[in-house]
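Mind having a look at this structure? Questions to follow.
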Amino acid sequence: MKKSEFTSSRKREHLEICCENDIETGFAGFDDIRLVHNALPECKLESIDMSVRFLGHNLSSPVFIAAMTGGHPDTLQVNKNLALAAEHFNIGMGVGSQRAALENPQLSDSFTAVREAAPKAFLCGNLGAIQLVEKGPEWADKAVEMIDAQALCIHLNPLQEAIQPEGDHDSNGCLKAIDELSRTSKYPVIVKETGCGISRETAQKLWSAGVSAIDTGGLGGTSWAAVETLRAEDKNLINLGRNFSDWGIPTAVSLIEIAGFEKPVIATGGIRSGTDIAKAVALGANLCGMALPLLKPAMENSDSLNKAIDNIHRELAVSMYLTGSKNITSLSKSRTYITGITRQMAGF
Amino acid sequence: MKKSEFTSSRKREHLEICCENDIETGFAGFDDIRLVHNALPECKLESIDMSVRFLGHNLSSPVFIAAMTGGHPDTLQVNKNLALAAEHFNIGMGVGSQRAALENPQLSDSFTAVREAAPKAFLCGNLGAIQLVEKGPEWADKAVEMIDAQALCIHLNPLQEAIQPEGDHDSNGCLKAIDELSRTSKYPVIVKETGCGISRETAQKLWSAGVSAIDTGGLGGTSWAAVETLRAEDKNLINLGRNFSDWGIPTAVSLIEIAGFEKPVIATGGIRSGTDIAKAVALGANLCGMALPLLKPAMENSDSLNKAIDNIHRELAVSMYLTGSKNITSLSKSRTYITGITRQMAGF
Amino acid sequence: MKKSEFTSSRKREHLEICCENDIETGFAGFDDIRLVHNALPECKLESIDMSVRFLGHNLSSPVFIAAMTGGHPDTLQVNKNLALAAEHFNIGMGVGSQRAALENPQLSDSFTAVREAAPKAFLCGNLGAIQLVEKGPEWADKAVEMIDAQALCIHLNPLQEAIQPEGDHDSNGCLKAIDELSRTSKYPVIVKETGCGISRETAQKLWSAGVSAIDTGGLGGTSWAAVETLRAEDKNLINLGRNFSDWGIPTAVSLIEIAGFEKPVIATGGIRSGTDIAKAVALGANLCGMALPLLKPAMENSDSLNKAIDNIHRELAVSMYLTGSKNITSLSKSRTYITGITRQMAGF
Amino acid sequence: MKKSEFTSSRKREHLEICCENDIETGFAGFDDIRLVHNALPECKLESIDMSVRFLGHNLSSPVFIAAMTGGHPDTLQVNKNLALAAEHFNIGMGVGSQRAALENPQLSDSFTAVREAAPKAFLCGNLGAIQLVEKGPEWADKAVEMIDAQALCIHLNPLQEAIQPEGDHDSNGCLKAIDELSRTSKYPVIVKETGCGISRETAQKLWSAGVSAIDTGGLGGTSWAAVETLRAEDKNLINLGRNFSDWGIPTAVSLIEIAGFEKPVIATGGIRSGTDIAKAVALGANLCGMALPLLKPAMENSDSLNKAIDNIHRELAVSMYLTGSKNITSLSKSRTYITGITRQMAGF
């Protein structure tokens, strides 16, 4: 089996594991956050403006379809459904890691199909920081070109790599490679975690490196430690995976730590409703990524996915209405109640 | 079906749902509040003076029969029983929304019966803020005249409206309409929520608008999201209702936020005993509204209702006695212990 | 039935209810308190000096047999067993309310038997504050004379009285009567609650009134509301009792509020082990009263009771040893960890 | 039965009780501690340097095999397995109390076997502080000589002694004896608790006495009160043991109290994974002792034990990698989240 084949078959395996198992661990912290009801919204629910401007693009809502898949023919339909929704709703979408398709261009169909289905949507390419180190900015450029992306997500997943037998255990040079790419690329670079969160300290390094946006990718939603544990056969690795399944910074805590620097922030990880999105925006998020809750309907059909997004939008609109937020800027300034462990972790 | 018929049949449906289902959600916060025992009350239990002065009226206790019903012939007996109790105990009472009867005067019997049964009681009319915007101060005046009310409650219920298919989703102009009414009406205007609470910010706007009193109508008692969810048939609306069933500011938190401005405040929402009333008074409430706990006995008969109120009064008197509060003013100055989530939400 | 007969038969009923039912409610707070382990005690367990000086008397330990019974022939044996233990261990003991025996001197045998069995023990008489108001200092003197007491406990029990149909609901004049008695009596006056605790404010009044010591009698042990609820037949009273069964200030909180004024303090209410006693002493208690845990063995026989007290002493000694406290003064200065609701109620 | 025989048979009994029963009580506090994920580790997992310098010795990791056994022929194999692991991994190891072998030199085989199996390892002798007082520094020297130890652990176990019928209840002179030994011995003296923790106050006395290192030996792991309770037959002693089974300072709290004084600290008690070790290091520990989790595999065979330690090392390495700590010094400076009761006990 060639490396690209291996990477791509793992991709398919991941999708199946995510849909059939309980792979959410830890807590994202949104249950500890409450929005402040405004009994006098002084606006019209139907006129609520959920649109956001993100990296120079106008999007109809902060809902962001988080990076999930691509790189295997079986994932084409899912990616197409996700892309159709991104186009239909004019929301942002990130594709899954393009590594397999970069290694083996024959596997790029499931990626190019995304742009075909979403000719005008805000699309983000996806590459691991470690691949960036290995292959240099050329691969980054190729990833962007492959889907004519508006931005590139560089994902950081040291936990997943660390507990995988075939994982890459060397993260040297990642920051430098991100720094160089950010300063030279023509497209904005977004750095994202994939389930363990970004700390204040890491965010400061990334802002200094010149990245355009950071995605929390925090604890509390899809857990790659849990996914890898289900895939693993070696008993030691299973134990290792279990021990680290709730490792990380809860999304809400990560968000509190990295927001407030006048820099675009995406909150991802365990966001499960329009109300969670509203809470995240109130805590400082510009976009809110969702992966797992969209994966299941996307694997059914386009209609199911659109209904799911409609419901999320409805909840977000109602949450905005009930906090008296006519638009996202107003929501982002609204007061929240922070309680419990999240309060303690945030240092209040 | 004409609009007024529709409104009125919905009223009846509400009463039934409330009596037969568990429609209380969230937490009101009173479990997090403890009164400070006074081992030396230095007074006589039977001489405890529970009377309050509210908007220029002398009431025998802070118990307030919160707005519930009217507008459908089937609700006449309930309203009559409630009114008889208000008269018997000399306590305040609010009628349910008078919208149906204003739309269709033939439906006003269940309201006029209230004043007949309670010729001297402190009665409050009831109108939605949205109706006030639509129909202007004339309807407000008519509502007051219909029951010869001492005051008018303008209710705010954006959540209930937002999750109802037939709901009014436009709350523009509510504050302005309230402002105008407050400044021109001959009767005092009370603004109340109906289960989601009033925040400090909203209260400040309302005080500036010149309202005479605010009713918290906080989270933790009857949940309209829960009621509407039970009425709903559309699956999406049921989900929406569920997601918002614990939306809002707990009554105790809302009370802490809006009290202390030398303005009359009513605490309503999840108040379930005379001790809860004592806690609310200690936190700054002038009156304490109860709906659901009085609805069930009121639907049985006048006797059941009077016994229920007797018990509440007894508990309040004992609570006052045990905090050494000879009267409500003294109780309102007594110290409390605030713990748990309520302590965190209140920012202590 | 004469009043004294009634009082006395109620006494017997109480003992039975306490022994056969779960009548402990609320939380005393000692679970939220942890002593600081001292790995270098630098003393000998067997030389630990648990003796205390209290109101001029030398007692062998802070264990105080809290007021329980007397006034009915059936209680004579229990009282005798308690007295034998007080004498045997040289610890303090309070008798139950002497009201019945003061009303009807024929009922005084169960009290005089206490002094006979404990000729040298530190004994406290017991009278309700309300009886003191009604009958004046003469009764107080008579109560002391009846058992040749070293001190008199005046008990405050407004909750118990308030929820009893036959209860005395007037507590006017209690403070004044206590003040007069404290200033004129030849014996020290101790004021105690019986399950609801003494607040800082009440303590200040009592210190100003010149009382010699205060007993917290806090929440978390025997609940008189629970006892009266079990005795009650009237449904309304049962409900009232239940609603107030966890009313009051937890013993640990009361202790924190009233200690630290250089005045003798007894901690009573929910103290269930020698470790609880050590915690109470560390929080500022001079003596620690126990009622219920001693009642059961005392109703068996003298031996059971002595074993129970031996065990409590052993636990106390080990707790002192493990905090490196050679004597009670040293224990009273030791650091504690205060967590949970008790921490919040104490305002830390 | 001679004293040494008695001591030695008790040793064997302990091992069996520990392996077959649930003898862990209380909470160590590590669940309340969370490490801060670093999404940009900038290092290589396989290059993580877990080595530490401790009392002048270079050890390959902070894992320390805590004092467990020796002194009975049946324990020889276990001790040999532990020693082989210490040698294999170049980690520190403490032997169990050498008292029995000092009393009866025929019992020293199970100790000398340790040095034979681990000719180069960092080994610590072990003697109770009370034996040190009784027998003087000669015994300490003999204990060290017996295994040619690099350091001597003086253990403090006042709780275990206090609840044992045959226990030594006199801890007078311990501090003085430790002081003298520390100032005169040629080897470093480490003072350790055995399950109840060292407080800030005790640590200060020990640092002043000149000890080289302190081992928390905190609450939350093996509980000697629990072990002794299982061994006890006397009902009173069983009760006493139960009442004290969660006595003590949680390891994490003890660690926070005693770390930060530029003095070597060992964290022991309830450390159950490599992640717990990483947390302890981040809180200030130099070494982390584990007893129970190593006892079970050590009783199986050398291979099981090595696998267990491999797994712990792997978890520690991954934890270091994921906090971006290339070495232990870096880990020791990393930020932590402290929540819950541990946060309250630590006074934050």
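In this document, chain identifiers A, B, C and D correspond to the written order of the chains, with residue numbering beginning at 1 in each.
Keep in mind that, in the parts below, contacts are C-beta pairs under 8 Å (C-beta built on N, C-alpha and C of every residue); 3 or more make two chains touch, one makes a residue touch a chain.
Here the structure is a predicted model, which means the values were calculated and not measured.
Student: Just how many steps, at minimum, does a route from chain A to chain C need if it may pass only between touching chains?
Tutor: 2
Student: I want to confirm something about chain C and chain D. Since they are copies of the same sequence, is their interface symmetric in residue numbering (over half shared, so same) or not (under half, so different)?
Tutor: Different, since most residue numbers here occur in only one copy.
Student: Report, in degrees rounded to the nearest 5, the angle of the rotation taking chain A onto chain D when the C-alpha atoms are fitted.
Tutor: When the C-alpha atoms are superposed, chain A turns by 90 degrees onto chain D.
Student: For chain B and chain C, let me know how many angstrom lie between their CA-based centres, rounded off.
Tutor: 44
Student: Considering only the defined contacts, which chain A positions touch chain B in the complex?
Tutor: 34-46, 273-275, 307, 310-311, 314-315, 318, 321-322, 335, 337-340, 343
Student: Chain A touches which residues of chain B in the complex?
Tutor: 129, 156, 158-159, 162-163, 169-175, 191, 193, 196-199, 201-202, 205-206, 217, 219, 236, 239-240, 243-244, 247-249, 253, 341, 344-345
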